[in-house]
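Alright, structures below, take your time with them.
Next come two complexes built around subunit A: one with subunit B, the other with subunit C.
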Partner chain A sequence: MLPGVLHYLIFRLLPSITTAVLSFTDISGIPGAAWSWIGWDNYREFFVLQNARDLRNALGRTAIYALTVTLVQNAIALVMAVLLNKRFLRGRNLYRAVYFMPEILGVTVVATIWKLLFSTPTGPVFLFMRDVLGIQNPPAILSSFEYAFPAVIAAQIWMHMGYSLVIFLAGLQNIPGEIYEAAYIDGAGEWQVFWCVTLPMIWSTVTVNTLLAIIGSLQSFELIMTITGGQFNTSTLGMMVFATAFGGRGATAGGGSISGLRQGYAAAQSMVLFAAVLVVTAISQIIMTRLERDSA
Partner chain B sequence: MRNAKKALCGLLALLILALAGCACDQGGVTGGTKAPEGGGQAAEGSVQLLTWANAPTVNFLRALAESFHQSYPSYTLQVTDAPQSEHDQVMQTRLSAGNVDIVSFQQFSKPQEDWNAAAMDKPLWQQYIDEGLLLDLSQEAFMARFTQSAKQDNAYNGKNYSMPTSTVAYNGLFYNKAIFEELNLSVPTTWDAFIELCQAIRDDGRYAVITCGAADQWPLNMFATGIMTSLYGQESETIGQGLFTGEIKHTDPQILELYAMMDQFASFLEPGVTGVAYSDVPGRFASGKVAMLADGSWQAPTIDAANPDFAYGYFPIPGKTAREDGLPPQFGIKYDLAFAVAANAKNKEGALAFLDYFSTKEVYTDFLNAVGGFTPTQPDITLDNAFLNSLAPGLQKPYVHAEHRLYSPKGVGEYGGNGGFSFFYLKTLGGPFTYEELAQRAEEDFETARKAAASLTGR
Partner chain C sequence: MKDRSQGIASAPFRAACYLLVAVFLAVYLLPLFFAFNTSIKSAQDYLNNPAGLTKSWAFSNYLVAWRRASFGNYIFNSILYTSVCTVASLLLSLFIAFPIARRYVPFAGLWYYLFLCGLFLPSGAIPLFQIVLNLGLYDTKLGYMLIMTGVNATSVFFFTGYLKSLPRDMDEAAVIDGCGYLRYMLRCVVPLAKPAIASMGLLTMIGVWNDIVSSTIYLTSETNYNITRGLFVFSGQYQNDWTLMAAALFIVAAPLIVLYLFGQRYIVDGIMAGGVKG
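And now, the complex of A and B:
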């Protein structure tokens, strides 16, 4: 037990507390540079100095990102898991591997695939819109204020859907076959079996997947960074934290960059993100537990 | 079963050890860049140089290592490069670790000063100097080889902390000579002539007028400040400061003129330009399907590589009227690759020896000829690069590019990005606003940011 506790203390708790403390300082990240205690200034800068309209939009985007990813990713993964759990389906192991593959590919490869897919004017999506759908001036999806954000959300769902699917499959395979047999003997149809047998039996799995998706998507910045760099209204809170700490565009709510290194400010942003993740996760946990109790 | 578990555990332990061994062998990897051999310690006599990924520059420096070693047998140059987007992080990491001797910067511009301190943070280069991380090179003999203006434009508190190796011009357009000849077009000297030229190419209908790597955003926004350079010239500095402090508004007639020109320029960009990646444009231009490419002079070697037989030229975007002094339109420039020495360098003498060697006339000339897109910051340099020599008429009285004169207040809203001059919000390019509306939004965002900064600082 001691190694586990030490690991938690050194690699989890200590950095978290340090981040909280540093969020009240003006530490820059420049080696040897003096830094001082500045109280709530970083938080004031985040909430007051930053353009309120852009901040609202960025927080809204973060919420939309988390909500859409959580709902759509889990819905598709659940449907696919139910289908792939059917014994009559031939080659289902191959399908499972294929659906899980984007997870293995990693962020950079997925981002490259996405960029090639949507590239203008030679990408397949552009050519499809122009030559098959007959759109005269197809939009450049990944550099459009309207479509870039949905495209990044789609990439996130595509990449992580396999992970949710595998967890759902594990849950489905734990349901005893006799329960299904009894349901079919009682005359239940596929739809009734899904709602009255499958879903209640895997509810704890649904809860796990939902919480993982919420936390993962709220903190996510890698795909945004690699696909759009936080430009074209795609910057979320997670992206802002990264860009503030390590430089680049997407550090401000409006997608811009900030001057120099400001790790104290980045720490304050990450504390705001932490609070958001904590609140949303706690509320989701309460709702999911209540639903589980009701369905039981 | 128990044996199988034991075997599996043993296998995992071996795998971990093997991976750890591999990591040690490789000396660790930082930000996609291989750190120097020997566990991050600079070997005795080795000079560690870090720069950003730019194939012609990096190849030249690596090739130079051998001749440097021959001239200075006690030193060995080791060049590492990092992708541009990761360069600042890698530099910070390596400066912290004290395992780099020479680092690379661009122009030292837009410092935090009294007049802007309330609403602006220090840029990275200023943070480094103020914290004593860069060596003062002012008194080094090799600095005398560089022009006074190059040293002056990069000085901070009257001292030089970097050796500005070159300048680049980037308010210009590459043009396809064959298309210009075919359509009987000549390089324009006024804005109206430029618009007429664009219209003629469009009317012909066979070629796209202008392309740009707009999907990366900065290559296009760079042309807002490029047009500003051509329109206001030296006045850009006063205008940039005025816009920052609020003494000049984005909605003032003189600034609206710039927005109108941006809008006109945008109307001649090829359809779908906002989706064209920066990495694709040299190939697109060299394929002969586009008449002009909006880009910086640094792109010339890449165009050559894409099609060695391709004939092209490069001209500055003209101002509204012809110059009164009779000179052709002049380029807007910035100082590009500048070498600085880390104050905590393990091999300070070696680093200074390399800068001395690099800046000797012979090596320096070879560098500019090899890299192909940079113009000299030393006087009396004769180049055999035809493209660079063709830029000479536009470099007689060059301007500092307006990008280095334009400030955005801290926390400014999205419409105030790029100093308030972002092409991407223009209706002409599929954005939401006319240019007048964009000017209004930009001013509102600037005003909000100024007020917020004042409320926090009490100024």
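And now, the complex of A and C:
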């Protein structure tokens, strides 16, 4: 037991906690470089000294990313899970396997597929816009300041929808069949059954999925990193932390880079992100509980 | 008796269900099919007719991509990382879960919360980087494997839940027969916990194989790259060589697809259990 606990403490808990400590220093990722305590300077830089528009963009974009992903991903996953739970549907396990596939393929492979789909001028999306929709000079989506961000959001949803779906299915399978039987005998339609039986019965699963999606999408930056590298107005807070600490573009909301691997500053940014996760999780928890009480 | 729990489900409703399922099948399968189709086209064929079905059947793309991206070395690294980290993670988690499940350690309940913390606290990537840097393990295979070996809450909870269902009498019998703790764990507990190990093992394997963030941070020399890092770098170098890139992505994904075909049930079981307990 001891080696496992030690490994967990040293490589998981200790770093988590010391992030807060390092956020008050100007430590860098360059080995042997001197560092010192600088108090609240990192936070001041992030909230006050930073260009107000950059700050607004960073926080706003993170919020849009998390909100869109959470709502759309769970809505699609819930509808598909209810369908895949219908016993008259043939080949349900096959469909589930297909929808879950991108989760297995992993970030790098999904990102490469996305780049291929949106490539210009030979990608299918480009061809579709030009030849089917008749748009003259369609934009190169993944290097456009307007459309790259929605495309990355779509990638995130495409990749993780299957995960939410599987969790919803687990919840649905716990509902006893007799309840449905009674509802149908009483003459309830599909729509009524969904709102009055299914949804209340799996509300705890809905809550779990919402929280998982919020926490996941607020922190996730892997697809942003691999698809656009944080350029073209796609950088969120999670991406900024990574790029500030370990180099690369996307360290600022505008897609620029910060030189010198400023890990103290990145630690401060990740504390801001952590605070955001806590606040949003708490708020959504309250909303979910209230919704449940109101519907009961 | 006829199963009435599904209602009468009118014909139009059934049709609508099938339609929606089919639309989403297309959304998931078409991109994969397009990528596969591209991977077996010659460069000329792709330029002439990017959206059409392949006429050239250029399976040689796979060989060319394999050689240009020097995937041989990366695959070897990835297999090393994946097998070591998976076995280590599973053993560490099992040895933590067993005493908690049996309440052989004091405050079994509190241990639970210790591991729960890991789910919510920030990732700690920056201090972790400093630790690895100061240990002199930056850009080494050993350092990377130490990072990727993880005792996470999900597998500890999953194993704890599973091990609770094994009979306690077994432990006592083992003690009476003079079987040592280590031998008992490896010879008796591990074989009985096989389904749980399969679920968590596959999930861990997929996670390590697909890792791109840690390999970007910690592996800077090419000799240490794992395969996803290789693919990422390759896709940067051959930006417009779409046929080769498509072939490369299937080389990376092939082991996962095979794994998925055989282990789907275990993978889904693992996810479901994790989600329900949340």
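In this text, the second predicted complex is superposed on the first by the 282 of 296 C-alpha atoms of A that agree within 3 Å, B and C clash if a C-alpha of one lies under 4 Å from a C-alpha of the other, contacts with A are read in each partner's own complex, and residues count from 1 in each chain.
We take it that a residue touches a chain if its C-beta (ideal position, glycine included) is under 8 Å from a C-beta of that chain, and two chains touch if they have at least 3 such contacts.
The model shown is predicted, which means the values in this text are computed figures rather than measured ones.
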| item | value |
| --- | --- |
| Contacts of A:158 with subunit B and subunit C, given as first, second, both or neither | second |
| Touched partner set for A:140, first subunit B, second subunit C, both or neither | first |
| Which superposed partner A:113 touches (first subunit B, second subunit C, both, neither) | second |
| First, second, both or neither for A:97, with subunit B first and subunit C second | second |
| Contacts of A:4 with subunit B and subunit C, given as first, second, both or neither | second |
| Which superposed partner A:29 touches (first subunit B, second subunit C, both, neither) | both |
| Per-residue touch tally on subunit A - higher for subunit B or for subunit C | C |
| First, second, both or neither for A:246, with subunit B first and subunit C second | both |
| Intersection of the subunit A residues that touch subunit B with those that touch subunit C | 29, 31, 115, 119, 246 |
| Residue ranges of subunit B in contact with subunit A within the complex | 85, 88-89, 92, 95-96, 112, 120-124, 126-128, 131-133, 214-215, 217, 271-277, 280, 408, 410-417, 424, 430-432, 445, 448-449, 452-453, 455-456 |
| Residues on subunit A engaged by subunit B in the complex (per definition of touch) | 28-33, 41, 44-45, 48-54, 115, 118-121, 126, 137-145, 229, 231-233, 246-249, 252-256, 258-262 |
| Interfacial residue positions of subunit A with respect to subunit C in the complex | 1, 3-5, 7-8, 10-19, 21-22, 27, 29, 31, 76, 79-80, 83-84, 86-89, 95-102, 104-109, 111-113, 115-117, 119, 122-124, 127, 158, 163, 166-167, 169-171, 177-178, 180-181, 183-185, 188, 190, 193, 205, 208-209, 211-212, 215, 219, 222, 225-226, 241-242, 245-246, 263, 266-267, 270-271, 273-274, 277 |
| Subunit A-facing residues of subunit C, complex | 3-9, 13-14, 17-18, 20-21, 24-25, 27-29, 31-32, 34-35, 38, 46-47, 50-51, 91-93, 95-96, 98-99, 105, 114-115, 117-118, 120-131, 133, 138, 146-147, 149-152, 206, 209-210, 212-213, 216-217, 228, 231-232, 235, 240, 242, 245-246, 248-249, 252-253, 256-257, 259-260, 264, 267-268, 271-273, 275-276, 278 |
